[in-house]
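As written, the chain order gives the labels A, B, C, D, E and F, with residue 1 at the start of each chain.
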Amino acid sequence: MFMHNKKLQYTVRVSEPNPVLASLLLEQFGGPDGELAAAMQYFSQGLGEDDPGRKDMLLDIATEELSHLEVIGSIVAMLNKNVKARLSEAAMSEAELYLSLTAGGNSHTQSILYGGGPAFTNSSGVPWTSAYVDSRGEPTADLRSNIAAESRAKIVYERLIAITDDPGIKEALGFLMTREIAHQKSFEKALYAIADNFPVGKLPGIERFSNMYVNTSQGDGDMSGPWNSGDQWERQDPQSDSLPLDGGDGTATIGMAEDDVAIYESMAARTMSDPTADPITGADLGAGPGAGKTSDADMGGAADILDASNMADAMTVRR
Amino acid sequence: MFMHNKKLQYTVRVSEPNPVLASLLLEQFGGPDGELAAAMQYFSQGLGEDDPGRKDMLLDIATEELSHLEVIGSIVAMLNKNVKARLSEAAMSEAELYLSLTAGGNSHTQSILYGGGPAFTNSSGVPWTSAYVDSRGEPTADLRSNIAAESRAKIVYERLIAITDDPGIKEALGFLMTREIAHQKSFEKALYAIADNFPVGKLPGIERFSNMYVNTSQGDGDMSGPWNSGDQWERQDPQSDSLPLDGGDGTATIGMAEDDVAIYESMAARTMSDPTADPITGADLGAGPGAGKTSDADMGGAADILDASNMADAMTVRR
Amino acid sequence: MFMHNKKLQYTVRVSEPNPVLASLLLEQFGGPDGELAAAMQYFSQGLGEDDPGRKDMLLDIATEELSHLEVIGSIVAMLNKNVKARLSEAAMSEAELYLSLTAGGNSHTQSILYGGGPAFTNSSGVPWTSAYVDSRGEPTADLRSNIAAESRAKIVYERLIAITDDPGIKEALGFLMTREIAHQKSFEKALYAIADNFPVGKLPGIERFSNMYVNTSQGDGDMSGPWNSGDQWERQDPQSDSLPLDGGDGTATIGMAEDDVAIYESMAARTMSDPTADPITGADLGAGPGAGKTSDADMGGAADILDASNMADAMTVRR
Amino acid sequence: MFMHNKKLQYTVRVSEPNPVLASLLLEQFGGPDGELAAAMQYFSQGLGEDDPGRKDMLLDIATEELSHLEVIGSIVAMLNKNVKARLSEAAMSEAELYLSLTAGGNSHTQSILYGGGPAFTNSSGVPWTSAYVDSRGEPTADLRSNIAAESRAKIVYERLIAITDDPGIKEALGFLMTREIAHQKSFEKALYAIADNFPVGKLPGIERFSNMYVNTSQGDGDMSGPWNSGDQWERQDPQSDSLPLDGGDGTATIGMAEDDVAIYESMAARTMSDPTADPITGADLGAGPGAGKTSDADMGGAADILDASNMADAMTVRR
Amino acid sequence: MFMHNKKLQYTVRVSEPNPVLASLLLEQFGGPDGELAAAMQYFSQGLGEDDPGRKDMLLDIATEELSHLEVIGSIVAMLNKNVKARLSEAAMSEAELYLSLTAGGNSHTQSILYGGGPAFTNSSGVPWTSAYVDSRGEPTADLRSNIAAESRAKIVYERLIAITDDPGIKEALGFLMTREIAHQKSFEKALYAIADNFPVGKLPGIERFSNMYVNTSQGDGDMSGPWNSGDQWERQDPQSDSLPLDGGDGTATIGMAEDDVAIYESMAARTMSDPTADPITGADLGAGPGAGKTSDADMGGAADILDASNMADAMTVRR
Amino acid sequence: MFMHNKKLQYTVRVSEPNPVLASLLLEQFGGPDGELAAAMQYFSQGLGEDDPGRKDMLLDIATEELSHLEVIGSIVAMLNKNVKARLSEAAMSEAELYLSLTAGGNSHTQSILYGGGPAFTNSSGVPWTSAYVDSRGEPTADLRSNIAAESRAKIVYERLIAITDDPGIKEALGFLMTREIAHQKSFEKALYAIADNFPVGKLPGIERFSNMYVNTSQGDGDMSGPWNSGDQWERQDPQSDSLPLDGGDGTATIGMAEDDVAIYESMAARTMSDPTADPITGADLGAGPGAGKTSDADMGGAADILDASNMADAMTVRR
């Protein structure tokens, strides 16, 4: 069961209102790497967890992330305090209020729709979705997802710190950022305390495919590194005649009952695009006098016109 | 620039149609851990990458994931071949077609809406969203996201393998699963080839908060492990009087201009919920003769009734 | 700051595993009226709240809803315990596992993607979105949204109780349902303790439009009731000649600079659909020998054929 | 069946184009409290309604909301008229057009993607979703949802009125705002004309839990009010030893067949995080010379550095 | 199988960084008409296609669209290069970085969340969703969807060209725009090479309804054109007494078992809104001294006040 | 302004309840090709339209689609009538109700969440989103989108007709399907009545790129047809040495100020993945005794095991 203490985990001292900054900070309230995403990821894993140690850790950290959600949300609420009151009381002229709401970021929506409270959106106003939550019920995968989530949250906090010069906000963001580092360390310990954590799951891979590096992107810029070279890698440069990897014919096939084959062939015949046709098309009809193809006369040297140097003139050409 | 060879990277041999299985396999076509999500994550990172080695690797693997998208999509298309033809040609009675479309999974939508082609949804028909893509433009975070993504994809393939007894599908899924293992290994190498990859980014954490473990979930079930105990951890059991962590008062405050304070106070006064009131409410109005509170007579011992043993009877009580 | 006690607010005793029921119960975990939606709605309102009484109440109830999220999530996790273990250990044949995952509801996705843990989706697997959260920063609106949210949550619990015969689950659901009733009562009290709570906000309406009932849906079935009749209502039956309500001409107009008018007219002329044309269209091209219109011969009495009695035959007509 | 009269319900007179204002007004076209959401909520309820009086009312109001959608959409279209024409005809230099599209709000997307027509998005460009629609097929819940929806729509209109100084727009918004008041009154009448409308549904609550107020948020700031005090409330201050509420042990349990227990234990053993381990982790590997923990030397007094006063300097420390 | 060549299909030469423009160009990277949507639409159709000619074409064009995705994504990455580096290295003061991130468009989110890499969002930051993909497994519908998709992509490119004066970007956008024209032509040819492509599918329509034009929007502004007039159209002006079109009574009915009818009637009676009631409502309670209706005194001539000329004064009236 | 007549446009006669069929029919109520999507697409285009003829047509058809939404929604409501009443009154045992809700499709969510009313979801329960609406403010693109939308709606109705044997439903669906044919014809006429409708917009393409067909998918299966062969096409088979199309070097470049270059290079150096490193990785740590590579001993001949014939055995191998 959850309990709440009215003190924040970290004191919030905001110097002055700034609704645009508030809308940027929403990234860590309702964004993909924000505190709600973190809390819900660890909470849902904790509920399903079968190992008592990990369950304890997941609920510890989930609960702390909720407290961080409270800290960041309180900063956002503070930064919006005056625009909220001004709009609520219609305390300024329409023109002044309009300007105060269109100063940047997505603060316009935060004021008009959300009334200055912290909203579960990212900094572009995109609603939070549980599509952000990576819980798969397999600890060796879930802990890696948590490690990655903490590292993403850390860098977003770092960026927000870099654009904020309010000392109280900077200090609180610094605290929140640091806690992500600590959480990552806990998740790492829990992962590596699983005896056999790679590859994840129970089923081993097929050996000859697990050591193969397929160089699918070729040309000037091909590089070597420990990720594709060295003893543990067999590098393959696919060519048409080395395909597919399994030695088959590289097609997709299916067995079907004879009746179904007949139905299938009937469908295919009915809907065939005749390769020998030369049909007049809707585009031909619509292309004007030169229907069916673009003639030189029509285009007036459009290729030249679209050269960047004289693109602007091109805009008045076609009609 | 991308090129396409008409051979699949791995030959697909499906024994017989099975649209329900097709709808389950969509998890790896249009689901959160599926091949599209993987391909787009690495591709978007590759386009923004500034390190030539990682850029090459990211485009190699992104391209291979597109080839895997083709393999899994081809299996889905094969499994749906006969239901597609039957429905398209209305080759069976309505009742037979209806039954064939409601046999389980989400195959009904796959047939009616998507016509048997592979759809970019997960196994519940949820449309793919780029909210699944974790690209943050910071390699030490992105590579961890990629490691996590590969580990999730691996376990989902393992589960699909466990429920499939078609040998050709099992073999292709085994290939795809193994490649996720190989990709994880490449991403790990690239991450650890960055000299100073933890914590991510450039800004160090605040030391006293980076070694602290906050035991927020307390009670019977508290556990110790390397994630919260040992030399590197300072464990904190928060109590009301140890809050907040910064030694402040744990409140959120803001500086506001005098004029704004006046507006704010006017708003607060206007919208106060009077704590001394005892208002009649809408619920009171609606609660019938016993308005305002639930009397014993009304409830007929509802607590007892809601005991599971006689819940069904309770359902006819209130009116 | 949040704290967590390892005891649940209500003991959960599940008789036996049932992953299909688990997938139905997700409605109250990650559905629109579920506990996460409730918790986050009240929490975000509480953070932005300026009235100390309401702020206290909102955080009390938000915190309790998190505890309810834990209860319902624990039930879901319990119901999935055996399918999770069986799939994880591949402890049954593929055919048996396949059958156990396609028994109904959306349990297939819950097992394959989420590994049996509680997922933040509704009972159709739709990811939770903060679009469910109604927080507007205006207490007279927000409290009404909370009252409505509690009433929706209550009825969904009632429906789940009606389909569950596991006594332990029924009892826990009965507890959760009842708490929604209590929460609604609190929100009602807080709303009616605001002196002047209708209409919401500060701006009064225009009197002649606030007492008008517009009977836009007309015909057999028109009804009278206190919602459209009686002293406080002026009923209007709109007719073409009584439009618009303001006495103007019912058009939309705008002032534009002369230059812009010229540009606008040029655009309109360029893109006009000529009402005097009789063009051949793409559909005409595609309609076969009778291009341009559907002749009797073509259709073979299709209207008759589409009579339900012989629709099936119609399916083979066109080609 | 719906019919459409070419006159608007209220005449729209816009003084001059303003695409930024247009993008703000979209909140009531395609936002969560906008006219489409209202129309579809009442329409879907009306179609499923079994009470003739409510059905008539719901279709009346749904139809009027569609007319309001037309009014607000017409205003948006008017406000965008010149930017649409200018962009369509490329009537200005690129630099001028670029500036006119990046003047604030989300007008850039409205012009580039939607071509100046009214789009079903909110003021941040978020696509409308039926997740906004609260229809549950239970009139005592649905009417409360409608009352709440009208109150939210009213306050959003009030805010838009407060930032608009175009007299014609202000007048039309005032009309639309007032109609929300009238609609709320109708829904209130219909709700209270149901004899026994609280609690919703048929099943009564469990008495001892319906009168209990749980004070989960504790500390300086605890308040009393009619929502948690007085005769009808029994207040509970949860402590660890008073949990759970049911007198059980507060755990979650399930009955499982012996075979499944064995499988489950095998899974748990295989995936245990060993609490006695002290593993080297990936973070240890990545943390540089001081791998495994953050030494004082590494951090260079980071806590001090992150004090807001000298945070900027800190940014160059780590490498 | 896909392969990748490190050369772009078209050389990208960007003059100078411009993160705001980058955020606008995302429309064609992750927007509804962008290159990912096009590539995935044709790719999914190609995988399910049964006609070898169309399958070849669909995979040709899908692959080229992926190459276009690479071109537009590379432009975006280039435009963000300096803001990415400055933010990553915290190379400027907080105030300067803040200003550089709030200069317009949605560049703030692109920097803070996505770190300057190309994100799969539109120009408002809305995540890409496969709801944009129109693949139905019926070639005569799918090809029309492709034609429409190409035409939408073309116009969005045209608009982006109109606001860009960087010659290298303009040239690349001109190339991409032109390719959409070429693709549309291919899809048109493939559509009209199907012998009988209108109406789509196999089932003919009912003749008398396929030639009927229903004039549901009536009044000043009714127009004639080839879309509703001429030999092939029978125009119907619906009036109440000509409804419904089938000659029935225009109601919806269902057969139900007697038992169910009894249950249904019991439900309807229990939940009836009594049309003869005159209940006090929640709004009445909340409306203050004049509860139940809005008196003249209360409103202070609000209708006049809401006249645009003196709206601002009205804002202080109610309390 | 919209008006509503209580008669449906087409009489609905449903034989008997069938909630599973109801959930399938939702595809045309709240699915991507359903009536709401159609109505809103044409309505938003109509509001923004500048050509009086098209504006009239768009509002005519939008209004009719709303009437179709009413017809399909009424069918859904009828099909759910008895399950709604049974669940609402708890008129059956829990086990019977449970079974009636898990009979297939997504009827479980339709009953539990939506209470049997028609919901704005598709047949998988996915909420409707305006991402389905294709309105771009350019008539030659919008009309093509409408033509495509009508063709998709037609085929979905055809599929629903093929699985329904209730004569009244079949008849109503036949009517609705036919109206889509008629609407497509109107949109075609309006498109081809625009003098110069291809390519869309005002800007011509670059001639040499508008006639080029790029054969990016190569191999066994390359086909010729009017879409890539004949006088109007110049076919290009891209090879590494013919890239890029513009004659440049195929790279992406940007001009940056010297200061920024220095910052950029500093960032790149700091975050480089050292290609000469051979780091131990997290995967190495986790892979057990054979850390760093997968040895033969570890894998036990996994490649063989993953042969489909003995895959099941493989599942118990690794631990």
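Here, contacts are C-beta pairs under 8 Å (C-beta built on N, C-alpha and C of every residue); 3 or more make two chains touch, one makes a residue touch a chain.
From a predicted model like this one, the values you see are computed outputs, not experimental measurements.
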item	value
Chain labels contacting subunit A and also subunit E	B, C, D, F
Taking each chain's C-alpha mean as its centre, the one farthest from subunit C	A
Classification of the subunit A:subunit D interface as same or different, half of numbers criterion	different
Magnitude of the superposing rotation for subunit E and subunit F (Cα, nearest 5°)	180
Subunit A and subunit B: spacing of chain centres that average the CA atoms, whole Å	12
Rounded Å distance, subunit D centre to subunit F centre (Cα mean)	25
Euclidean distance of C-alpha centroids - subunit C vs subunit F, Å	20
Overlap residues in subunit A, where contacts from two or more other chains coincide	1-9, 32-33, 53, 59-60, 62-64, 67, 74, 77, 84, 88-90, 93-94, 104, 106, 113, 115, 121, 124-127, 129, 131, 136, 138, 140, 147, 155-156, 161-162, 171, 174, 178, 184-185, 189-195, 198-199, 201-203, 205-206, 209-211, 216-219, 221-227, 232, 238, 240, 243-244, 250, 264, 267, 270-271, 273-275, 277, 279-283, 285, 306, 312, 315, 319
Complex contacts: residues of subunit D adjacent to subunit E	1-7, 50-51, 53-54, 87, 90, 93-95, 97-98, 101-104, 106, 108-109, 111-113, 115, 121, 124-127, 138-140, 147, 161-162, 166-171, 174, 178, 184-185, 188-195, 202, 312, 315-316
Touch list for subunit E against partner subunit C, complex	140, 191-192, 194-199, 202-211, 218-219, 223-227, 230-232, 240, 273-279, 282-283, 285-288, 292-294, 296, 298-303, 305-306, 314-315, 317-319
Touching residues on subunit F, where the partner in the complex is subunit B	20-21, 23-24, 27, 31-33, 89-90, 93-94, 104-106, 122-126, 155-156, 159-160, 162-165, 216-222, 238, 243-244, 250, 264, 267-268, 270-275, 277, 279-284, 306-309, 311-312, 315
Partner subunit A, residues of subunit B touching it in the complex	5-17, 32-33, 52-53, 55-57, 59-64, 67, 74-75, 77-79, 81-82, 84-86, 88-89, 91, 129, 131-132, 134, 136, 138, 140-141, 144-145, 147-149, 151-152, 154-156, 158, 161, 171, 174-175, 177-179, 181-182, 184-187, 189-190, 193, 198-203, 205-206, 209-217, 221-228, 232, 238, 240, 243-257, 260, 263-264, 266-267, 270-271
Subunit A - residues contacting subunit C, complex	1-9, 30, 36, 40, 43-45, 47-49, 59-60, 62-64, 66-67, 69-70, 73-74, 76-77, 80, 84, 88-90, 113-121, 127-131, 133, 135-138, 201-203, 270, 279-282, 285, 319
